[in-house]
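Each in structure tokens, the structures are laid out below.
Both complexes below contain chain A, partnered by chain B and then by chain C.
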Partner chain A sequence: MKKSVKRTESSIIIRNVFAYFISVLLALGVMSVIILLFGFNVSKVLKTLLTASFRTSFGFQETIKKTIPLIFTTFAFTLPFKIKFFNTGGWGQMLFGATMVAVTGLFLSNSGITLPTYIIIPLLIIVGILAGGFFGLIAGFLTAKYNINPIISTIMLNFVGVQFLNFIATNSYFKDPLEGHPITLPLPKSATLGFFGGIPHSIIFAVVSVLFVYILIKKTRLGYEINAIGYNLDAAKTYGINFPRIIMLTFFIAGALGGLAGTFEVMNIHKKLVEGFALTSGAQYGTFGILTSLIVAGNPIGVPFSAFLMSVLLVGADALQRTMQVPVELVFLSQALIVLFIVIIRQRFERGR
Partner chain B sequence: MSFINSFISQTIVYTVVYTLTSLGIVVSGRAGIFNVAGEGIMLASASSGFLAAYLTGNALFGFIVGSLMGAVFGLIIAFVHEKFKVNQFILGISLVILGTGLSDLLYKLIIGVRLTAPRSPATPLVKIPLISRIPVFSAFLTQDVIVYFMYIVSIFLWWFYYRTKLGLETRAIGENPKAADVVGVNVTKRRYLSTIIGSALIGIAGAYLPISITGTYTPDISAGRGFMAIGIAIFASWRPERAILGGFLFAAIEVISFRLQVISRTIPYQFLLMLPFILVLVVMIIFNKQIEFPASVGKPYSRE
Partner chain C sequence: MENEDLVELRNVRKAFGEVVALDNVTFSVKKREIHGLLGENGSGKTTLMNILYGLYSPDKGEIYFEGKGVKIPSPFDSIRLGIGMVHQASTLVPEFTATENIILGTEGDKYSLPLDREREKIKEISKNLGVKFPLNIKVKELSAGIKQKIEIIRALYRGAKLLILDEPTTSLVESEFQELLKSLKALLNSGVTIIFITHKIKEALQACDRVTVLRRGRVQGIEKREDTNKEKLVKLMFMEKEIRVTESALPKVELPPCKKSKDPVLILKNVTVEGGEKSIGLHNVSFEVYGGEILGIASVSGNGEKELAEITINPYKIKNGDILISGKSIKNHETLDVFANRVFYTPEDRIKEGVLPEGSIKENILLGHHAKERFIRNNIFINWEEARKAAVDVIKNYNVMTPTEELAIRRLSGGNIQKVIIGRAFVSPINLLVTHNPTSGLDISTVEFIFKKLVETRNSGSAVLWINEDLDELMIISDRIAILHKGELKEIFERESFDKYKIGLLMIGG
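This part shows the complex of A and B:
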């Protein structure tokens, strides 16, 4: 098995891009069969699906709006994946981050404290980082101390996050009395972020996060240790890497990145906390972050591209539902198929080498 | 007395969901396949099983279709894992998302949007003449056919794994596939069979939700129970007789939290809804030392 064939970074990227497009074609094929069976016009459906993001500037802005949180939730999955652990809790970390940001912002405005923008915005971002990180840290701690698989712990925490968000949104201290649906009061204007002509300001933080994760993995001691554990856990332990510390730290950072997804959804998009958020867009970003990460096999530079392509399909799915009454679930289904095909194809490459 | 009776009979109904799902996970886990797709399988089977029951007017037909849907998922898991050696967790997570999408898609395409939700035909009840008069005990038995099915499957699986040669061999695959292979057990075949049968059991649990419990299909009807069942399977150390106890425990907690939501105004209901999920973690921390895993669960096996 061990052939000392050195593969260059670029040949791996080319293979992955190739695998991606083959998988997309296969998934679109399966989708077309389903579309045909239920009597929709295949070429019209595919055209709407793939071009909705590019036909209007509104479509493009919507795509970017989805790409930003997806980048964060994708990284939330990617980092622990490097040490062969599955953080399926991006959803919960995102929701807890969003909730605590709204709680902090509204607590300040309800108690009549007005802070200048340059203080409140960094403050809320730090709250979001710590809240998401806290949820991640619980999973990391349970793994390190009790050997509980993070798949279980993070999924359980997801449901805790959903209910906690709903509790805050319905709580009379935070709720907007004029709204029938459980929605909190809006955040003070000084605590919200704006837009560059339709593109949210939070895109800056998304770009920073890409650089952050890239530097973390490639240039720091922690990144080196993460790679060492991912490559061979036993060897890493023998060489004195403190496994419990690394796993807790990794899950904290992953959770913090997940928390940022929620932070910017509250500060930049909704500007308040909505009860159904957990189940609509929240669930989308949380779960699709996993798929997006699996598509690029944890490569940080690939993440923004993968997240963008995923958003194109999500925006296309919305357009299909609106204009042709094709259920959005059809597109969700094909996204899961894309990932299945891509992992199979990639596995074949790995074994074939 | 009637309070205890109604509490137990309601709990037994939910026990079916937790127990059959965790038994399904146990069955595949015993052969070395860690099936984390339970939530997705339940949803896909809930929707397809409900549609079959509704369209044919026969609840039993719904369970058959639900279990077939589960079996198909099991076949996919076994095939993709055994053939391509794709990581079981990656496969499981993708299938959860696939099952979630498939469930709503099927329902929307076949039923569409209706003002009144279509109702499922009733599940046949089994009433044993004398036993149905005994207080408390009768609550365990005066139930529908699937409850009896759960009892029989639990007992059968215990007998199979601990009293038969075939069962011993299957457990050996989960512990050490190489050793089992050396003595002539067909590892791949057993893994296929175990995963397909296990997923079919999960499928029946999924179909039970809309057909027997709520009477109609709603999106996300499994509400995380497929994930909790993984916790139960682990907490039960992959032993079928403990899985039914774990299933009963979590069903009781769920029923208690329903009832508290009705009576209590001091505890916000969202915290009651969180309770079972937190409890999974608490139970796993408390019993951490006693939990045993089949040694090879989650790991691929190839003969070279």
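This part shows the complex of A and C:
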């Protein structure tokens, strides 16, 4: 008996991989038709889209740079989704984390306080965790206390996050007077992270976050309680699981992970706070985290892979726009198609069981 | 005319994978009779009826309706033939009124919904049947008994000549059952034939003209009511198993003498719980439960038994009074603290409150024990190996039919799910078991198993607080029975002075 169960488990994995493969093929098929209708060369477009990340080391580095924040924002969505709640606020949590890290770093340097690297870096990371976590906690608290749907509260907080970032980036205390655009002064060098040959140091934290979420969900009491609530809230309550506490904790951790996405954007990529970030790549990371999570149905081990796939498409889209003047919307369309096909096909497979 | 068959299923076979659910079953129903289909959970009753209703197609066999061979590939076809089915769980849309529910899925006029016209039709049908229910109130506000009537009327509205009732008494109280019987007689008089699916021998004997007994997918016998009795039916249902039954066709389990503990395990002192819109609350309830005894709580549903069960695990809901476990007050404690005091609980609604349907048996066994030392390290990490062992033990000791402890619990049958829930209560040692309607909807052999488990728990010196709406069951293995009416504790009877009539009267406030 035991053996057959093991076998079905591995066959499920094979089937899932197969399903993803089919979905991507179908999406590319539909996309080819659309590309053709737009009057572009299909094979050239697809080749650029799929290989931009791998042809040059620059392309690959760019892809990893996008994968890292996406992993964090994906987890920000994944955890609350386990209790059937939508955290649509990964974006705001990320921006608030980024902003508070910049504020703290610049406040220290503007005040003439210089801390050694081994203090300031952990300090800023903790600030980012707490800031993002705080944003998440607001949503969790409103749900626990007043039964407010987190979709509403987190979307509202996204606007707060965007405006607060703008406020800081344009504030004369923080703004870089030499820059024409609203951009803050750079962080002190001691507060920034470097690169392993083009790959940001923050990749270490991304890997740690995968392990952290995996262990949290599979091995800990909190993870068990989160799953139990997701399976059946009434039974979980009957057997002593404290719903308000768990939902607040879950949203805090989710927000903290979102906050880390912004933290490393500031400390590792921009090394300052850029107003444009909120609505460009920031918006991508914040919102695509939802898709990336749905693609792998919240499986933490799958998250880095789906984040990488999404980043390949994002980098490919940039390349298409630059080299072939293909409208970037076409690529977004293909991303939407891939997600849609994956969800449909997985549903079909699950019904078949 | 009277003896003609309305429907016949001939040599039907149906297998799900390797499991043969029905094996060469021939089943026929005469016009204008109430025909019982009796069998344990999992004997194939529902599968057979789902074939007749067009939800499953048989692997082999034929169906004859009014003498003609028919194919029924979908429920549309069965409805067209004049077959209506009332399922065990309500299939009404809670947000719709009775009228809206009844006409749902039928063809109205092209562009309008002729609610008024149809409402008259519905009134006509229900008048003929002698039933009354509000037509313009959202169904979610109505009781289970009334909802069932609406489902029956819906089938008749669609022109049913044959009505299939799948375990129609599961959510009914005794008085509603009697009313249902009356309605069925009226239906019979108006020319409708009825198939009555049940696992309760008592009901089959009360309701049906003839009974077909199924066991493990085979017909064991067809009995006329005049020529049969409960012993015969038990024998047909359970062949090899020896189950002794009481007057009311319940399993007979002995309650040997047992020494009560010196001090009570559970004490309620003047407990008051505020009532609300939907609950009556508790008023000044006091009683004790000793180790080595089963205290049965008898009450008609909605008289405070739900609140009583609730406060044993959520004592913070008590407004006035006190609750003590082994002499220690647990008022204001959280559920897990109560469990830590060697208490465990099995809820009334096993699917809604009892299990994590998508979770594995292992995850379900852990529920409620997950903060206990055996299963946790540093209060952070779950010891899954211990949880697995506990699950394997429960599966073995309680004879849960499953290939593995990793199976999602929703894939088990109702009886097996309840075994897991009961088994979970004994994963850690307990001094008090609080259990609410643990036998509802289960077949007689599982009921016997649960009775034995409760007695065994009591014999080992633990206290059992058994809240149950079936008085016949309570009388079999309770040491004492307390009656709850309108949130007040009426009287406590000692076993020597159990009197069904007196207790029953007190339950309804007499």
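The definition used in the following text is that the second predicted complex is superposed on the first by the 341 of 353 C-alpha atoms of A that agree within 3 Å, B and C clash if a C-alpha of one lies under 4 Å from a C-alpha of the other, contacts with A are read in each partner's own complex, and residues count from 1 in each chain.
In the analysis below, contacts are C-beta pairs under 8 Å (C-beta built on N, C-alpha and C of every residue); 3 or more make two chains touch, one makes a residue touch a chain.
Being a predicted model, the structure only gives us computed values, none of them experimental.
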Room on chain A for both chain B and chain C (clash or fit): clash
First (chain B), second (chain C), both or neither touched by A:K219: second
If touched residues of chain A are counted for chain B and for chain C, the larger one: B
Which superposed partner A:S57 touches (first chain B, second chain C, both, neither): neither
Partner chain(s) touched by A:T117 [first = chain B, second = chain C, both, neither]: neither
Chain B versus chain C as contact partner of A:N242, first or second or both or neither: second
First, second, both or neither for A:T88, with chain B first and chain C second: first
First, second, both or neither for A:N232, with chain B first and chain C second: second
Touching residues on chain A, where the partner in the complex is chain B: 34, 38, 86, 88, 142, 146-149, 151-153, 155-160, 163-164, 166-167, 170-171, 279, 287-288, 290-291, 294, 327, 329-330, 332-333, 335-337, 339-340, 343-344, 347-348, 351
Chain C residues touching chain A - in the complex, by the definition given at the top: 313, 334-336, 338-339, 345, 347, 352-359, 363, 366-368, 370-371, 376, 379-382, 384, 403-404, 406
Complex interface listing, chain A residues touching chain C: 1-2, 4-5, 219-225, 227-228, 231-232, 234-236, 238-240, 242
Parts of chain B lying in touch with chain A, wherever the complex brings them together: 36, 80, 84-87, 89-91, 93-95, 97-98, 100-105, 108-109, 220, 224, 227-228, 230-231, 234, 268, 270-271, 273-274, 277-278, 280-281, 284-285, 288
